[in-house]
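All remarks here apply to the structure that follows.
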Amino acid sequence: MQRLTSIALITVLAVLMVFTVHPVGADSKKIVAAIDAAGASCRGVSQQIWEFKELGQQEVKSAALLKEELAKLGYKVTGDLKVPDDLVKDGISKTAFKAEMAGKGPGPTVTLMLEYDALANGHACGHNLIATSGLLAAAGLAKVMKETPGRVFVIGTPDEERGSRGGGKVALLEGGYFDGTDVVFITHPNDRWSLDQRFLAMKRAMFTFKGKSSHAAASPHKGVNALRGVLLTFNCVDSLREHLRQDVRIHGIVTKGGAVVNVVPELAQAEFACRALDTATMENAYTKIVNCAKAAELGTGATLEFTEPRVALKATITDPALLETVQANLKTLGIAGSQLKDFDELASSDLGMVSYAYPTVNLWFKIAPEGTALHSDAMREAANTDDAWKSTLIAGKAVARSAYDMLTNPAKLKAVQDGFKEAKAKEGK
Amino acid sequence: MQRLTSIALITVLAVLMVFTVHPVGADSKKIVAAIDAAGASCRGVSQQIWEFKELGQQEVKSAALLKEELAKLGYKVTGDLKVPDDLVKDGISKTAFKAEMAGKGPGPTVTLMLEYDALANGHACGHNLIATSGLLAAAGLAKVMKETPGRVFVIGTPDEERGSRGGGKVALLEGGYFDGTDVVFITHPNDRWSLDQRFLAMKRAMFTFKGKSSHAAASPHKGVNALRGVLLTFNCVDSLREHLRQDVRIHGIVTKGGAVVNVVPELAQAEFACRALDTATMENAYTKIVNCAKAAELGTGATLEFTEPRVALKATITDPALLETVQANLKTLGIAGSQLKDFDELASSDLGMVSYAYPTVNLWFKIAPEGTALHSDAMREAANTDDAWKSTLIAGKAVARSAYDMLTNPAKLKAVQDGFKEAKAKEGK
Amino acid sequence: MQRLTSIALITVLAVLMVFTVHPVGADSKKIVAAIDAAGASCRGVSQQIWEFKELGQQEVKSAALLKEELAKLGYKVTGDLKVPDDLVKDGISKTAFKAEMAGKGPGPTVTLMLEYDALANGHACGHNLIATSGLLAAAGLAKVMKETPGRVFVIGTPDEERGSRGGGKVALLEGGYFDGTDVVFITHPNDRWSLDQRFLAMKRAMFTFKGKSSHAAASPHKGVNALRGVLLTFNCVDSLREHLRQDVRIHGIVTKGGAVVNVVPELAQAEFACRALDTATMENAYTKIVNCAKAAELGTGATLEFTEPRVALKATITDPALLETVQANLKTLGIAGSQLKDFDELASSDLGMVSYAYPTVNLWFKIAPEGTALHSDAMREAANTDDAWKSTLIAGKAVARSAYDMLTNPAKLKAVQDGFKEAKAKEGK
Amino acid sequence: MQRLTSIALITVLAVLMVFTVHPVGADSKKIVAAIDAAGASCRGVSQQIWEFKELGQQEVKSAALLKEELAKLGYKVTGDLKVPDDLVKDGISKTAFKAEMAGKGPGPTVTLMLEYDALANGHACGHNLIATSGLLAAAGLAKVMKETPGRVFVIGTPDEERGSRGGGKVALLEGGYFDGTDVVFITHPNDRWSLDQRFLAMKRAMFTFKGKSSHAAASPHKGVNALRGVLLTFNCVDSLREHLRQDVRIHGIVTKGGAVVNVVPELAQAEFACRALDTATMENAYTKIVNCAKAAELGTGATLEFTEPRVALKATITDPALLETVQANLKTLGIAGSQLKDFDELASSDLGMVSYAYPTVNLWFKIAPEGTALHSDAMREAANTDDAWKSTLIAGKAVARSAYDMLTNPAKLKAVQDGFKEAKAKEGK
């Protein structure tokens, strides 16, 4: 299915490319010029965020800096966003923000998402460049909004790396900060230019088994071994693998495996994650994993404690018309369609949730040699180079101009919206 | 528990031995003489049965021969016994029989059980000697019954080797052929003299899993693998083992494991047997095994088909006063208490079911060097030697005299009956 | 990898299509006319083979009929082909044959492969149509060979369904019957037109474990349980799955799982098959499976008996220039490129071995509604319809004309040969 | 085996009891009187140690108090004992001590062992009473040593609860502090009076598996999962259980089970303990466990790191003549042989190592209702009651008088020494 989908996609793109004539008008030039003008300043912002290297939920300085820059550009900026308190402590996302700028009259709303959280080894996922490519696009759009209908939202979405915990985009979606959006844009640095939109749906499961302790040598028959619940769950999950569709991923760890060797473990715990290319398939596999834990309870006599997690990540919805718009803009910026390459290896992101709510596109831009892994030290170093910055500028321009297309070309927006509905209807079928 | 039980038993025996004075009266001498007189003829019967080596349910010639001999001794003999037809085909046990002889007036009933089925490798379990030691005892008692109150039953119990299928003693118990019995006697040749009465309770389980076939390489995700049900059941059962009491035995085989390697198995099957020193513990472990199969169904999605077997074997009930009687008689026949040795390794028998219904004793008699395994070719050869015959004579005499004690000594019979009630009440506690 | 490979392929085809101008000359018309003339007769042959429904190695009547028809067309036919006697009993493949026809002078050799073995449920894989589409192509070429350089081989390759046993194409390859071939053609009916060449590399493993029998309840500690070897091998293989590339397939059955439940199994056996999109990846996974069996030996103490199988099937080598030739001919026969569809689900074939030795192409032709499964009863019925025959005629023509291209167009042949070398060099990298 | 051994033992004891005449001489009375005189003071010591509740290797105050009391009794006391530094940090056992008292001339050496380490929940194993029953015996012997040949050693053996780490008796044995000993005595409070000497041989195994991390969803095929090594080890160990002698105990925990769920674990670890009634059987099973870990390495590709532990505990050697001496003394102190009861549930102790080097006896004395578990809070409370103290006095007297017998009765000592040699020769056969 994976294979055929992308073949179909390429066919669609090929067909669309033939019929697309993409004029580069006066406003587009103005946008590009404004981005170039903002370049040096934004490069500095990128460098600072790279140096702050703040972890998720702790991106205080990064968020403050971005809010300040957006305010300078004329955006109305709000911080300390109220969100569900079972997703973010105390119900206030302190490192999220929302910036808004209204155009000359009613019209569509485009939303730019900025990420800026780091990993333990620094900005090895290059989120400093996500933030600043978004900032560049915001600067470009700011220059033309007085003559352009509609609105621009710039949403600071923290804590992406732990997105399946729900503290990032999920909390902001539920908090209503995307309400009214028509199209969402985001970028991500990587080892290639790509419009491959696939992120895997994902859901975690924490299985806690409770038993009864006893002396492991003197009276094992009087104990109930909680670790047996964990081990049988793994055996069961492994027995599923042969018969799951090949894009399904299940991976687990033992988080509690017994206290001391001479006592029958009364507490044991395993965490699993389940993923697939579409949400329905992931959910189906997830149900099987939960059944494995229930089977382990039934088979071993250890008591299972499990509650469905508050948050699961959906697979990305791909909107072909939106891809076409970005690809066309990229082409005029010197990135040909033949430079766009799909990925062999896929992960998950809270972006999937946004893509399920609104037409959304993520532009992968190349900052490192092909083969450089995300989260590696090499990627971290690449994220603060001049070469990376050149790509960041192109990414910012491509986003700004594509957003501008959505604001100004109702036919294109309609195509995007129709494509979104169709793609969503097909998801998981 | 195992250990302590037998220690307690030995203590009981030790105490009883001190107080038992065992007079060898006139009748006892008559019994012994009659057995000696019948010796040569019975030796021939033993030889013939050994040569017939008829498997369970097919012991036609052996049964006919025994019936003929019993009739000659004056017993009233009945064959073709009606039994439940879900235990024996057509509801007629053709190789079972019952022989009866009434005494001079009302009194207790003693029952001698005779086995005569062979194994694939011949009479490697020595049942020819069980039959003929019983025949000897029947001959001995026949001589004195005219002056002795009560009755003698001699029951031919076929098919012991497949006893857990229910075609032997279970069918005859249910058919009512033991009704009215007070005490049951049987013997068994082995590598030692022993009054160790322990047989393990036992129950079988046949788990059939149904799945859905599919091409194993092209579309494994469209199949449901029945073999997975079997394999996960084994994993689950193995995860139980650490926490079962150490005398519990669970052993299984895969009876159907898939048809061809390139098709997802739609049918798979495993058979298990569960055993323990007491019936309650066996049943408890059995429930856990069944839960494992149910867990495998839940965890793998293959459908489980399982029905409880028609027959389960109970553990033997040991009656201390009955042991004491036999041990005392053995002593006068030259087999001292110090020659009696318990077993390290235990199996199951349909004898357990009889012992649960009536006070029952099994006398192990030595026909081969210690260490010779039951069911071995060496044991088969031993079962047809003159040395074996000498022990068989002693066994027959010990049984006959013990049975005579039960018929003539009300106090002893009362002790046996009381001990039986007490032991049964304790079983599995 | 799977996905990108096929995308690359489509791109290659798309590019090639643009530049290919395919003139349909006089000889081509003659070929088509000859095939149309042979149509009615060949339809009868197809019907007969469908009714013979002879299993592999037993296709005596089918082979005789085909040999007779080929002889009528002027081919020199040889049967009873000598092959290695460890692949086919007695070293004579009685249902294989080779037919040859020389052209007007030296030139390339094209080989047509015919299959005609059935399944248990009849010609549910439609091999009757493989045979007759080949016969049609042979008829078409026969008409022009007098004026055409080179040679035609028509090889009857029996026993495809059990191809991994080596009795079909592998035996004929080793017997030298393909020697001198330049390009090999074959067809296969299915639920769609397709030039998807992918077949999975495949290798079987039969693991036999030997233990030591013992009474399963009395003395389990004195036995060595051979079934434990099998079960632990499955556990080990299942623990590999998470970390194998997603196109790898491993599937197994338990062929011997113990004799009777109360005896520790002294013999147990499992058969596995291992497959992957490329031969190197399959071999790598295969080594891991064998290590699992060795681990099971080490861990359980049961003795492993295993020898590498005589035959393993390689993955297909895809030759882009050859595909282009067939696709171009299909187009002129009314089957457009857009009608060609790849498969989601892949299996293995002894065709892979041929493709590794010579540039080879398999043309899938549509005889049933999309979604009809190979080996289903529905496919069997479809294989004997008039609609199916129409497709068979097209397939025969496409093969004949492509073969003719190879015989007459040295540049094309050179492109095919170069592409073959290149593809083979890349395999498994 | 377990069962028969103890039956044999009881038989031996029964036989010995008949022939033993145990005169209570003048010195014996003097010993008892001295112990009664020391009672009140020792009760205080017991109370203090109970309140100190110092964990193993930290029993500073308890050791100081005991050393002071022994010095008061006239013993020559040494602390800070030098031991192997790979068993105890810095090679000084700070909470061990040795006290010595020489008699009136050359003769045998008797050694009393004192334990005084607590558990997390206090003196729930009643070691305060082990220490003070030993102190009482030391007081009793002190009174008579001037007229008695030989020597008394009183060795403070710390850290029993973690004995398999080697910091207690093993370190002192290797340090030479038992050198010259003829017979060793120790006591232990429990829920019954018992001379059951069985402790299980025991050895630990720590298996560390190293793999290679990778993104668990994007590139699981590029990682090597260390947790797989652990899980397959458990599966393998579980597959052994059916075929181990029933007294073998294997129990394990997962000490490291992976760091985060989205990364293939590069480090995982499991700890196992293996035990059996005899050392040879334990070692045999241990080898099988290690083979399981090696099999897991071979089967999963994760690298195993394992080194045999520095210390393993041997099973206890039981010396029948020594038991007889203690039992005879107990009888004169009011504890009849019929009050002595064996245990159903067995554990391990570093006492086993001492018993392997010297004839050793452990006297279990009753301080709590039958069924009260060692290490329970109920046992902790029982260890500080007046009723417990009464038993402690009897235990101290029984030890002192038995030790006196060894010092003064060469025939008895010879019987003990001969029995020791014989028992040791048989161990594990």
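A few notes on this one:
So that you can tell them apart, the chains are marked A, B, C and D in the order they are listed, and the count of residues begins at 1 in each.
The working rule: a residue touches a chain if its C-beta (ideal position, glycine included) is under 8 Å from a C-beta of that chain, and two chains touch if they have at least 3 such contacts.
Please read these numbers as outputs of a predicted model, since none were measured by experiment.
Counting C-beta pairs in contact, the pair that comes out ahead of the other among C-D and B-C is B-C.
Across the assembly, the mean Cα position most removed from that of subunit C is the one of D.
Centroids of subunit B and subunit D (each the mean of its C-alpha atoms) stand 44 Å apart. Centroids built from CA atoms put subunit C at 59 Å from subunit B. Taking each chain's centre as the mean of its C-alpha atoms, subunit C lies 70 Å from subunit D. Under the contact definition stated at the top, the residues of subunit A that touch 2 or more other chains are 220, 231, 235, 239, 242, 246, 251, 264.
In the complex of the two chains, the subunit A residues touching subunit B come out as 220-221, 223-225, 228, 231-232, 235-236, 239-240, 242-246, 264, 288, 291-292, 294-296, 298-301.
Listed in rising order, the residues of subunit A touching subunit C in the complex are 1-4, 6-7, 10, 14, 235, 238-239, 241-242, 246-247, 250-251, 342, 344. Per the touch definition, subunit B reaches subunit C in the complex via residues 200, 202, 204, 215-220, 227, 230-231, 234-235, 249, 251-262, 264-265, 268, 270-273, 275, 345-348, 375.
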